[in-house]
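A single structure is presented below for examination.
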Amino acid sequence: MSRILTMGEIMLRLSTSNDCRLSEAKQLQVNYGGAEANVAISLANFNHQVSFASKVPNNPLGNAAKKHLHRFGVSTEFLLFGGARLGSYYLENGVGERSSSVIYDRAHSSFTEMERLEWSMDELFHDVELFHVSGITPALSAGWATMTHHLMKEAKKRQVKISFDINYRGKLWSYPEAGKVLATLLPYVDYCSAGKLDAINLLGIEEHELDDLSSYYEQINKIYPNIEVFYSTLRVINSTSDHTLVGTIWSNGSLYRSKKHYLAPIIDRVGGGDAFSAGTLHGILSKCDFDYTVSFATAAAALKHTIYGDCNQFSIEEVEEFMNRQDQRIIR
Amino acid sequence: MSRILTMGEIMLRLSTSNDCRLSEAKQLQVNYGGAEANVAISLANFNHQVSFASKVPNNPLGNAAKKHLHRFGVSTEFLLFGGARLGSYYLENGVGERSSSVIYDRAHSSFTEMERLEWSMDELFHDVELFHVSGITPALSAGWATMTHHLMKEAKKRQVKISFDINYRGKLWSYPEAGKVLATLLPYVDYCSAGKLDAINLLGIEEHELDDLSSYYEQINKIYPNIEVFYSTLRVINSTSDHTLVGTIWSNGSLYRSKKHYLAPIIDRVGGGDAFSAGTLHGILSKCDFDYTVSFATAAAALKHTIYGDCNQFSIEEVEEFMNRQDQRIIR
Amino acid sequence: MSRILTMGEIMLRLSTSNDCRLSEAKQLQVNYGGAEANVAISLANFNHQVSFASKVPNNPLGNAAKKHLHRFGVSTEFLLFGGARLGSYYLENGVGERSSSVIYDRAHSSFTEMERLEWSMDELFHDVELFHVSGITPALSAGWATMTHHLMKEAKKRQVKISFDINYRGKLWSYPEAGKVLATLLPYVDYCSAGKLDAINLLGIEEHELDDLSSYYEQINKIYPNIEVFYSTLRVINSTSDHTLVGTIWSNGSLYRSKKHYLAPIIDRVGGGDAFSAGTLHGILSKCDFDYTVSFATAAAALKHTIYGDCNQFSIEEVEEFMNRQDQRIIR
Amino acid sequence: MSRILTMGEIMLRLSTSNDCRLSEAKQLQVNYGGAEANVAISLANFNHQVSFASKVPNNPLGNAAKKHLHRFGVSTEFLLFGGARLGSYYLENGVGERSSSVIYDRAHSSFTEMERLEWSMDELFHDVELFHVSGITPALSAGWATMTHHLMKEAKKRQVKISFDINYRGKLWSYPEAGKVLATLLPYVDYCSAGKLDAINLLGIEEHELDDLSSYYEQINKIYPNIEVFYSTLRVINSTSDHTLVGTIWSNGSLYRSKKHYLAPIIDRVGGGDAFSAGTLHGILSKCDFDYTVSFATAAAALKHTIYGDCNQFSIEEVEEFMNRQDQRIIR
Amino acid sequence: MSRILTMGEIMLRLSTSNDCRLSEAKQLQVNYGGAEANVAISLANFNHQVSFASKVPNNPLGNAAKKHLHRFGVSTEFLLFGGARLGSYYLENGVGERSSSVIYDRAHSSFTEMERLEWSMDELFHDVELFHVSGITPALSAGWATMTHHLMKEAKKRQVKISFDINYRGKLWSYPEAGKVLATLLPYVDYCSAGKLDAINLLGIEEHELDDLSSYYEQINKIYPNIEVFYSTLRVINSTSDHTLVGTIWSNGSLYRSKKHYLAPIIDRVGGGDAFSAGTLHGILSKCDFDYTVSFATAAAALKHTIYGDCNQFSIEEVEEFMNRQDQRIIR
Amino acid sequence: MSRILTMGEIMLRLSTSNDCRLSEAKQLQVNYGGAEANVAISLANFNHQVSFASKVPNNPLGNAAKKHLHRFGVSTEFLLFGGARLGSYYLENGVGERSSSVIYDRAHSSFTEMERLEWSMDELFHDVELFHVSGITPALSAGWATMTHHLMKEAKKRQVKISFDINYRGKLWSYPEAGKVLATLLPYVDYCSAGKLDAINLLGIEEHELDDLSSYYEQINKIYPNIEVFYSTLRVINSTSDHTLVGTIWSNGSLYRSKKHYLAPIIDRVGGGDAFSAGTLHGILSKCDFDYTVSFATAAAALKHTIYGDCNQFSIEEVEEFMNRQDQRIIR
């Protein structure tokens, strides 16, 4: 059976309850996550064989990250131990009109400070069908921009499909910096998570008519005809606690949309996009049709918002039961 | 002063907070409840003298169930101690689009395994004015279907009024099984909680025009002219966290409706129907008019949704203060 | 640099979580607050030099109140230690249709039982630019009605500006009692927080056309031409968990209104008005224009509702960032 | 079946965990208790029919006190509702060398402010076999000193046995004040809990040879020959967390001692004496011999120290199982 | 690399904090464990490849048990899903003189109700070096007594070493019942955990001189010369919170003893024996000498008592660091 | 009134409860502390005017550190805001035989990365009577070794007394590194906290007879005759939960010893030495005799071990009440 490989940083997240400011908190909730680790866990929940490659310190926090991945069945064969520290971030959870805010404390982490790819490429990609990485990884350092490019080249050499989630983070790099790196990566990408703002801000597509998402994808696709699938969510933010979410998948000139999900109240917004990515990749790998896939992926993303923690914890059966439900009656 | 008797199973409920899946929970909230126990407690809060008859194991969990009833002033004179275990269930509390779900672990409980009525009928019904039981009790076993029938007969012999809440649970029996047993019980019932779906699925009434609830009750009433009062709630489920609730009482050809309550956010949905039942029975026993009764009962049910735990904890004065409030301003 | 002085009672607040009744609570959250203490803390957060004058018992609870003020940088030079007890109150937090309710246990407190002003007036008002007090203080006792009047006279003698928040509490005094005392105080007031109901119930203004707030202020202003600024919030209470809030400032014939804030869900409603008062006073002291001031003050009040505890904890920069935000996206 | 009556104040206790000072506590544990209420609950656990007479405010805290008593099966027929407030106290739990400390906030409570006995004496003592009260009750006010005396007279008129626990509290009255009142009460007492220090400080017995407890009892007995039984515990305090406890009962010239219990670590020391009192009274009422009784009562007291809260929660069977255990092996 | 296989029941454990009785608990801590599962996890922590074979229901609790095993790297290839329920037990944690107590609710579990071995023996024992099972498994039912025997025969056929921990549980079977079954199993056992009481009560060895443990082992060894190693702990129980522990290993006529560990305070006593078993098996499999092995295994058992939960969580390095420490100074 | 100045790093401490390993923790307790900050807070509790100089990032964590200092009345006039991050450390709290362990994550902090003293020396030392710093500060970087030296020179220039706590941390520097730097600092020191091991390992004093602490101090004193007072604690570690503590002060050839304190159980060992330092400095500044001072300081240190968090929270009165107590009886 072929495998999925995701690579990126896994961090310690320390978060407040939503009624308390970080500066007043007497205790913090502990969680471990990162874009690619979250995708790995979701895909493992969907019965795929998944490895997560990263580097964490050889201390209890690195060990905790490993156990978190193990818990959900993600292989840590390519999780390296070493370096100085586990990247961390503080999440002050907002509510209503007050936004959530993040304080990164991820500099000098074991993963960020990696200067070379410490794995054998042959072992890393052995039997791998799909490689998924997000735009956070190349944003971490100049080295990681180069290493991400190198990984994609190595993957492609081995006929591995590549999924890339642009996942732009303004605290890590600027639009021009990101745009330059993305231009080196997108030629390798098969499945790309990007939205209208990514198109305009990072890929140089000119802004035009509202919500005509397809035309943006078409224009990107002209530049990067290798991209088979674009996937993204349209999120309307009524308040920190109340969003609506519609998923979209574009492929071969057609745009598929999920129904609209009402996310209210939101328990934890972090990782919603990763859940959607995993749902989309599950559909693609399982050769489901795009109507099903976009519905499944958006349902998975909607469910993610209802539980605490970065990573989605629902099985295929649970996501499907949720997709098919008429109402929220208790079954008893 | 005459008494009220309710009978049924009381269970240990172990529930998650609404941000955490059961499989990830590190701690569970403990509660004790069951349809008839909940009604007993509400009625005791409304100053009635109430006994709850059941059987629990002679261990700390059985003891805890007894203390829970005592706390609210319910008599446990007819609570038997013995048998193997306290039935329990796990409640994974949902939120927003994610439903709550229940895992029953109630098989082989002390109550379910009862094979005969271990009380003296004369003592049990001594001075009893009203006997209340729900459809969960006859659903537990063939023995309990028969015993419920026997209890109703014994009650009727002694001029005890009978309240019966159909309370259909799909995890306990099928429509045809339930329908067959209900046909043996309904001839004894004076006050019956039933809704449109019960009429159609269980009592063989043909479906017709939307929401014409009266006509369903009239048809049931033709079959069971002994039923003086039908009571029920109309619940619109916008999401797990957001319902509206309207209470109805039908009697003698007239339908009485409460105002619409907006339940958002819902803290705990379990026991909402039992709170309505208790409110209705309180109105009937206190000889209040039906307009007041349906308003009071629905107000009680609405309040129940705002607190954690199965059982309602509001007094007559508190329910009435709530009914008469103009807004939710803090009084200070 | 000149100082702000606020004076009043600081109390221990013991509150339930919003899913639990007070009579069932196994633990209570601890907080310290009071109208004038809350205003003091907010103003200290806005970089003003603030003293809070009061009296607390010389025990761990009095000490905790002092530490609470210190934490936010409020001077306790004029916080006296002595007397019998710290006033306290119990807050049963409501949710949805269920209101929050307060049980006061503030009688016989160190502050309430004060029979004379134990400070030197010269020291108390030394270098003070603004004195703020609420209508709760004169409501505590006949002595405090007189002492409040005396304090205002002493302040005015020294050219100290006076801010007064009517803050009517029906559990402390009746409309006629309050009206009589207010009539002795208002001639000294420069900035007055009052609403339409205060005008009608306490100041003898006749009720007229809906929401024509300006005309009420104009009428009060005719009686008390010394009042330069009226400030108030218009709160629409959809449920305990869901309000809208608009702030207003009236000055010199013009009414300034903030945009409408949607407060849902509300984490803690107590202290919302105090946050607005502090925001208004900050604007006045900083010589901001009224459009900015009313926006700033209402934004501060809106933020207050999103955190637990009586006192607002946001800095000028944080309130302004909030005012200028387009949506509630996480910044990362 | 005859009843037991206890009377006294029941208070709200707010306590810290033992790692946190009261002035730093963010939450407080809630408990309800008082010497006589604790004895009532223990005796109800031992299957006696017990009433607790007191007065509490008609608010959620008074209601919570009632529910607490109900939970353990104590009758509240003679619990009056009215007055201003529930007495409360704050308990800062110590550990190791740091003592626990109590801040009383019990002045002006509904019970303390009672000026006359609001019960019918005939109803109160109807069918009562034993009346138990502690020295805290007459210490509360001059009125309560008189009323306690009156109650004892009324009890004795009706052949009710009287148990009295001297329970001296230095924060409530001085030795001379207490001594004077005790002299009016002891002539009515049948069973008296008193220790050597009580004899010396309150009853005017001259201090003599160490630990010759019998001789003190003999001297008191000469003055009050009506006292049939003295009961007391000898507690050696190694640290706040580590005590040893030996129980003693004196009757008719003989002193009975329990084995020594090692209380380490102590979970909650409050109520240990009340548990011993209840155990002793249970033995006397059940006509057990004094060797058994002193062992039972001390075992009950030892168990009390291992659980949180004022009141003991163990049944006769559990206390006996504890008395007869060889070691602390888990039974499984 | 060869594998270890353990088999048995994994249960949901619901436990109280040590200051609260089960009947008063408002929440319960959730843990998953069982003798053989605990051994599996400890061995996985010691870098062995371990599988745990069992059967759990296909519901969130079964899923949670699986995730618990995954977290520590135990393979669940042979964990079957099906049957009615997960066995559970309630643990009321004691303290000081009060014992911990267990209420089993394990009847009718998916594992207990198994009637045949649903695995292929060839797959189950493929590449297995060691099979470990405890006496709890054959105690569950007559079927499991037979199936355990069958498993041992199948293991032996394939040259798999067998470790057996007698682990007598009086709540599951009587001495004679156990003795009869053990007689069928011990002929297959290579490494046996048994103590003096097991020898006397179960294996028919006559009691003789105190603490001469070797002679008991010698006598058992005469009957079952196949047993190469006996391992056991000598536990002195000073109180629930305070034990001492010495480990022993007997082999080939020699008895090896660890130093004495002082366990005070004990955080969680459950699983201490399993940690010792795992430590012993680790030493044997790693071909360490018995002096090291008994020290290592007892150190692991001592560490287990300092953390909450059934399963030990320490690595080889951590156990060794603990063995070699001079004192408990913080390293910083 | 003259002031005290302390300077050093203040860190975020994230700690587990003592029953849970860091890698399993779902939440962490939040605290702020550091050797010099802890001393500052203790001295402020003893009514001294204290400033703490340091640098923290301009984010919620830096703000929280400031609020923590404010809470206890420490001036933050010299607390700079800037730099990248707040140093942090993780504390896995041990129990019994299991040690506590610390994972530092303090590299690259705002304070450590300081390259020059950003304060005006004149302002910093204005009116300062005593400057206290620990050996952790010069250990942070070569720059800080130089800057500490510079600060001492500047202090001495202004007749400021200098207190220095050697506080050797093996994770920050080696013995030779430390020894070299100490040699540059000790010539400025008036009051020095050092123990026998410091003398031997860092100051080159030869080891000799056990416990003859005076002779070590005499030898150091010969080299550094400027040191007027040596202060230290002798700690016997029976287990992580159980220590004994004796304080010592040496001055002018005489050694003063406190009584022995029994610390069992220990709630939080971190900051015990800082509490002793603060107690000693309080005695010196208040011109108390050394017998009182060593008793006071050791009592303060003993109390520190009974509460959670780095900083001691007891007033002079509370420490003295503790010193003078006969036993741990509750006062009530």
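Letters A, B, C, D, E and F name the chains as they come in the text, with residue numbers starting at 1 for each one.
One rule holds in what follows: a residue touches a chain if its C-beta (ideal position, glycine included) is under 8 Å from a C-beta of that chain, and two chains touch if they have at least 3 such contacts.
In this text the structure is predicted, and so the values were computed from the model without any measurement.
Touching chain E and chain F at once are the following chains: A, D.
Distances between chain centres, each the mean of the C-alpha atoms, put E farthest from chain C.
Chain copies chain B and chain D are related through a rotation whose angle, from the C-alpha fit, is 180° to the nearest 5.
Here A-F and C-F were compared by C-beta pairs in contact; the pair with more is A-F. Of all the chains, the one whose CA centre sits at the greatest distance from that of chain F is B.
Counted by residue number, the contact pairs of E-F are over half the same as those of D-F, the matching pair from D-F, B-E or B-D.
The geometric centre of chain B is 63 Å away from that of chain F, both derived from CA atoms.
Separation between the centroids of chain C and chain D, computed from CA atoms only, is 45 Å. Residue positions of chain C touching 2 or more other chains: 21, 23-24, 26, 67, 265. The set of touching chain pairs reads A-B, A-C, A-E, A-F, B-C, B-D, B-E, C-D, C-F, D-E, D-F, E-F, using the touch definition from the header. Chain B contributes residues 67-68, 70-73 to its touches with chain D in the complex. The residues of chain C lying in touch with chain B in their complex are 18-21, 23-24, 94-102, 104, 169-171, 237, 239-242, 265, 269-270.
Partner chain D is touched in their complex by these residues of chain C: 14, 21-30, 59-61, 63-64, 67, 84-85, 88, 90, 92, 103, 105, 107-108.
Within the complex formed with chain E, the chain D residues making contact are 261-268, 302-303, 305-309, 313, 322, 325, 327-332.
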